[in-house]
Amino acid sequence: MLIVMEQQASQESIEGVIAAIEARGLEARPIPGGERIAIGVLKNKGPVDAAAFLGLKGVKDVIPVTRPYKLVSREFQPEDTRIQIGAITIGSKELTIMAGPCAIESEAQALTIAQHVKQAGAQMFRGGAFKPRTSPYSFQGLGEDGLKILAKVRAETGMPVVTEVMDLATFDLVEEYADMIQIGTRNMQNFSLLRRAGHASKPVLLKRGMAATIDEWLMAAEYILEGGNSAVILCERGVRTFVHHSRNTLDLSAVPYVRNESHLPIIIDPSHAAGRRDQVIPLARAAVAVGAHGLMVEVHHEPDKALSDGAQSLYPEQFGMLCRKAFAISDLMHTNDASIRRLAAVTSSSV
Amino acid sequence: MLIVMEQQASQESIEGVIAAIEARGLEARPIPGGERIAIGVLKNKGPVDAAAFLGLKGVKDVIPVTRPYKLVSREFQPEDTRIQIGAITIGSKELTIMAGPCAIESEAQALTIAQHVKQAGAQMFRGGAFKPRTSPYSFQGLGEDGLKILAKVRAETGMPVVTEVMDLATFDLVEEYADMIQIGTRNMQNFSLLRRAGHASKPVLLKRGMAATIDEWLMAAEYILEGGNSAVILCERGVRTFVHHSRNTLDLSAVPYVRNESHLPIIIDPSHAAGRRDQVIPLARAAVAVGAHGLMVEVHHEPDKALSDGAQSLYPEQFGMLCRKAFAISDLMHTNDASIRRLAAVTSSSV
Amino acid sequence: MLIVMEQQASQESIEGVIAAIEARGLEARPIPGGERIAIGVLKNKGPVDAAAFLGLKGVKDVIPVTRPYKLVSREFQPEDTRIQIGAITIGSKELTIMAGPCAIESEAQALTIAQHVKQAGAQMFRGGAFKPRTSPYSFQGLGEDGLKILAKVRAETGMPVVTEVMDLATFDLVEEYADMIQIGTRNMQNFSLLRRAGHASKPVLLKRGMAATIDEWLMAAEYILEGGNSAVILCERGVRTFVHHSRNTLDLSAVPYVRNESHLPIIIDPSHAAGRRDQVIPLARAAVAVGAHGLMVEVHHEPDKALSDGAQSLYPEQFGMLCRKAFAISDLMHTNDASIRRLAAVTSSSV
Amino acid sequence: MLIVMEQQASQESIEGVIAAIEARGLEARPIPGGERIAIGVLKNKGPVDAAAFLGLKGVKDVIPVTRPYKLVSREFQPEDTRIQIGAITIGSKELTIMAGPCAIESEAQALTIAQHVKQAGAQMFRGGAFKPRTSPYSFQGLGEDGLKILAKVRAETGMPVVTEVMDLATFDLVEEYADMIQIGTRNMQNFSLLRRAGHASKPVLLKRGMAATIDEWLMAAEYILEGGNSAVILCERGVRTFVHHSRNTLDLSAVPYVRNESHLPIIIDPSHAAGRRDQVIPLARAAVAVGAHGLMVEVHHEPDKALSDGAQSLYPEQFGMLCRKAFAISDLMHTNDASIRRLAAVTSSSV
């Protein structure tokens, strides 16, 4: 940490800051600059709380230098985390596509959609049993009945299932049925839920909060790793900005940034980012091209009758098109240069 | 709801939309405009889900007309809600000031600060026992011991106490000790917690989520009212924007907007908005002047030793200054014009 | 336009609104709903100003229905605009890549970089002669000398050149030298400049303002088309959000949205969006995959000695890699499904 | 400036960074920390460009320490700048209120409104002659005729006038007529205009860009001071955020921050922040209470017939109420504590 003093800071103020640093068992190193003095804080094991110094006399700014997270950082673990769910490995070169309806509405609905998405190329099935809804008057999900339908989908299709957990009271239940437990956007900083997920027996899909910085998101993952569960997959789903032509703004630069900072896999949910069907496929292609490890996509065979989020759900045939493009881009991403040139030649001629 | 069709929408698309509306038991009313047709949706009891129509053929936009909330709206209840906590009435002309440390650290700390803030003019005491912290490595609060200290503060000073609840598992405990239960920013859309708060026996202070629209915030309050607890106080504490000279951007236009839309009281937390001590007093003055019913302020007698949020905590003497200015502005707000002119004359001469 | 009345709006208020509509020569059509009345405004040629009605008695909301732009809209011109610059067609299926340094620093620098980028696959050269800089103390560009160097680059490499214009005083000069005139982010709503661009003899590259909605951006383009110049290319370069791991947040959903709303071509500048070299290539790939017509990329042969924006400039060899991936993805985008399957097979085997 | 190295940065990388620093004639000072090394950059006269180092091998982050501005900073000039315009002093304890219509529409309109606002307490008159409009089809102002009307208003009422300049071509004209020249939000980084304003003979009112950081805003002011004109007044008018219940989000924490960082006066425009009449008065009160030196308010005697921004224009009687409250709060702000207590007593009894 670096404490920047005001230009006219008195010697007394400087000594006050040094004393405050040393009172915490840390070392202070004054760095005289052209216009002002700055004081480095050394000997800290892990990040120091800026707040402790920000209000002191003569202090203009406090600048953190060390990242606040540890277990999730690539500096801590240089090699990629790969998470095995049945035959699927999330975090490898192979793109993972999870698809299904926003909410499980019935066994027939779930099975119909599952058959469609499996055939199109999805490796995992998604579907909500407990639904966080902005309005208390909206459909809140089938609850345990929904979980049982998910189990049936898995039995019939062989696809592992991912579903959201909303609270401590239903965590055990979700953990029992799901192959991967989703913590949703609105719960990204529900720290009690994160602590519980830290000793879950299943991998956790942690969605980014709608106004979370990447530091905060990685710190939320740190809660889970700190609790003992290192199978965490991050999921970017758009952040809230002034922009209103899409429901959220998909922050794709998060992918290279997270892949650089952390060893955890990161996937993209283009459906919640877009909020409208016509943007889902373009954003899905972009997500693969930017380097995401996977996609999570909402599909419904009758979106205009869906009980939740119909407007952003793809028709099965659209999802098929998405998968073909997505896998093709993914293949291209992992192709070496010589091959690319050849391919380009092939594709050009085939247009 | 109004469904706007594309200019070139075919008659078939228009009929498709009308059929979809009628299939929901609603009435469709086409409104031909200069350039395109729009279709009004009538006969709905409460808001209709835009998603159901957004993806239909020929639909360009779906525009909600009705507000999504009901019980919290001023149209539902025209007169102001006033919430009585002991001798205090929140929501009246009388400004309510709640103050205390971010976190309860010890009995001595809490009692010392409580005496200070009471003397300065605070009517309620605040202090965290369960602390939501971005980092799993930060101080997480004293838990039940903290609640017991709060009870002691109440016994010794007579001030009612407000403290945050973080999860279902500790809700009963917090409800037992607190005079008002706070639901924090990060839990504003923790719907399980909101449902539980809906049958709490104490008033609930609902902080605005850091990227929540006012519709979403009022819908969160709607969960609590719908559950049967109509004693909800809203608390604006700054929203996340691109701005970085303060920790959050205090959205003061929320006050007139909420007071117009809803009958619930609204207070302001300038401490979390600012994140630095030197902005807290100016923002507190502004909050009173904009028309808030109260303030929630962090105060610490030794902020540079605070275990949490020291940088934004006021020194007791600063808090005293804040109270004097705040009450004076509040008085002025409720003074009629003739008196104001006289007062201005008095104050001018006294500078 | 739709005017939504308050629930308790009096008959007198409703009549007042109707009178205000009719006073403007428009037609009012009341639409009674379940809870409140709304009044449609008809017979308008083009958008009506919401402000005129928003403050009237009993009015709760005013909702625009018609888009504010006309000439730039796809409803006005259904087929894509294609802009010819020498042998290049912007707006076609063929990806257009423009590259070069942020600022022209010398003839040697410009020619060196130009040779590199041409060889790697760029079709146009970019370089700033007049530089808008946040600080008055930063390098402001070579001015006319820079333009002459651009002309030399064109003469030696055959690549058309694009460069930014900053004001009315130097517009003629820039127009004389450039093959395409750039209007930068900070000038997107410099309406005098837009009007001048409306009768320029060269195509205009219009960058999106850093907090501009797409409506505002298209309205800025409308100024240029309205003036008689219909050769406008839009360029998304990231918007300002709370996010700080990249300099701006690249809003890729703008691409499908703009391509749907407007007939104008749209390209992406990943360099200014990222602000750091390591995110430029991933974002460039994503830009092509989302469907942009082109890319504008900063390249420097010695980025650590660049006088401007060195941190985001690619090394020539990185740019070569970017081009190969970008063209390959572009080819894939325009490949039909059957071919894709075959390609995927080819690429898989070549990894 | 502080350059933070990656944990695993090699000795070679560190030496590369040191060499790059020294190649710029600066001094490098390595600061070994617990986990990584940081390198201080010393001997710089003014800020160093971060970009030069951000892309170097082994560099994780570059952290600016020095503020980028100089002439506008309070460290450069500790005492407040006060700007004299006729009998008015902007930047003193006396609140300055500027009011008038958004656009000058006719002599009769301007004179009517001017009489109203003068009587209510405004000291300066505002009105647009050249109007920056989002749409090319909207009313663009009366141009020079509007300036002549402003001159007439000044002659008849004695109030100095402020009006906006839009480009270099009309700068001389505006400078001739106006007592204070406004540079609008959309031109805050129109650097050619700022340079011209730097040798204007009149004070300049510089509005904050709608997504400008305070650093950028102060740097824009630095352009003007650097050119020789030190009479700059800053005007906060709301920034663009995700919030949509007001047109912009008024960033009131800018006031204490700017007053701390800079010696320039700062005023608030609540009209453009709110965008709707019913929020203007509450925000104006808050602006005074937070410590702004003045207000700029839109007033129209027939707002529903206004050619521009009618929805946010106050009726004259509303403006009168605003002035009375604003001056009363302002008086209170500069009253010492003992007086405040007395006043509170007086006001309480008068409610």
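The first chain written gets the first letter, and so on, giving A, B, C and D; residue counts start at 1 in each chain.
FYI, a residue touches a chain if its C-beta (ideal position, glycine included) is under 8 Å from a C-beta of that chain, and two chains touch if they have at least 3 such contacts.
Nothing here was measured: the structure is a model prediction, and the numbers come from that model.
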If you take the chains that touch subunit A and keep only those that also touch subunit B, what is left? C, D
Look at the interfaces B-C and C-D and say which one is made up of more C-beta pairs in contact. C-D
Most distant chain from subunit D by Cα centroid: A
Rounded to the nearest Å, the gap between Cα centres of subunit C and subunit D is 28
CA centroids of subunit B and subunit C: separation to the nearest Å works out as 38
Two or more other chains in contact with one residue: find those residues in subunit A. 211, 240-242, 244
Contact set on subunit C toward subunit A in their complex: 93, 211, 213-214, 239, 241-246, 249-257, 260, 273-274, 278-279, 282-283, 285-291, 321, 324-325, 327-329, 331-337, 339-341, 343-344, 346-348, 350-351
Can you name the residues of subunit A that touch subunit B in the complex? 20, 46-47, 49-56, 68, 132-138, 166-169, 186-187, 189-193, 195, 210-211, 216, 219, 222-223, 226, 240, 276-277, 303-304, 306, 308-313
Which residues of subunit D touch subunit A in their complex? 2, 4, 6-8, 29, 31-36, 38, 40, 42-45, 61, 63, 65-66, 75, 240-242, 244
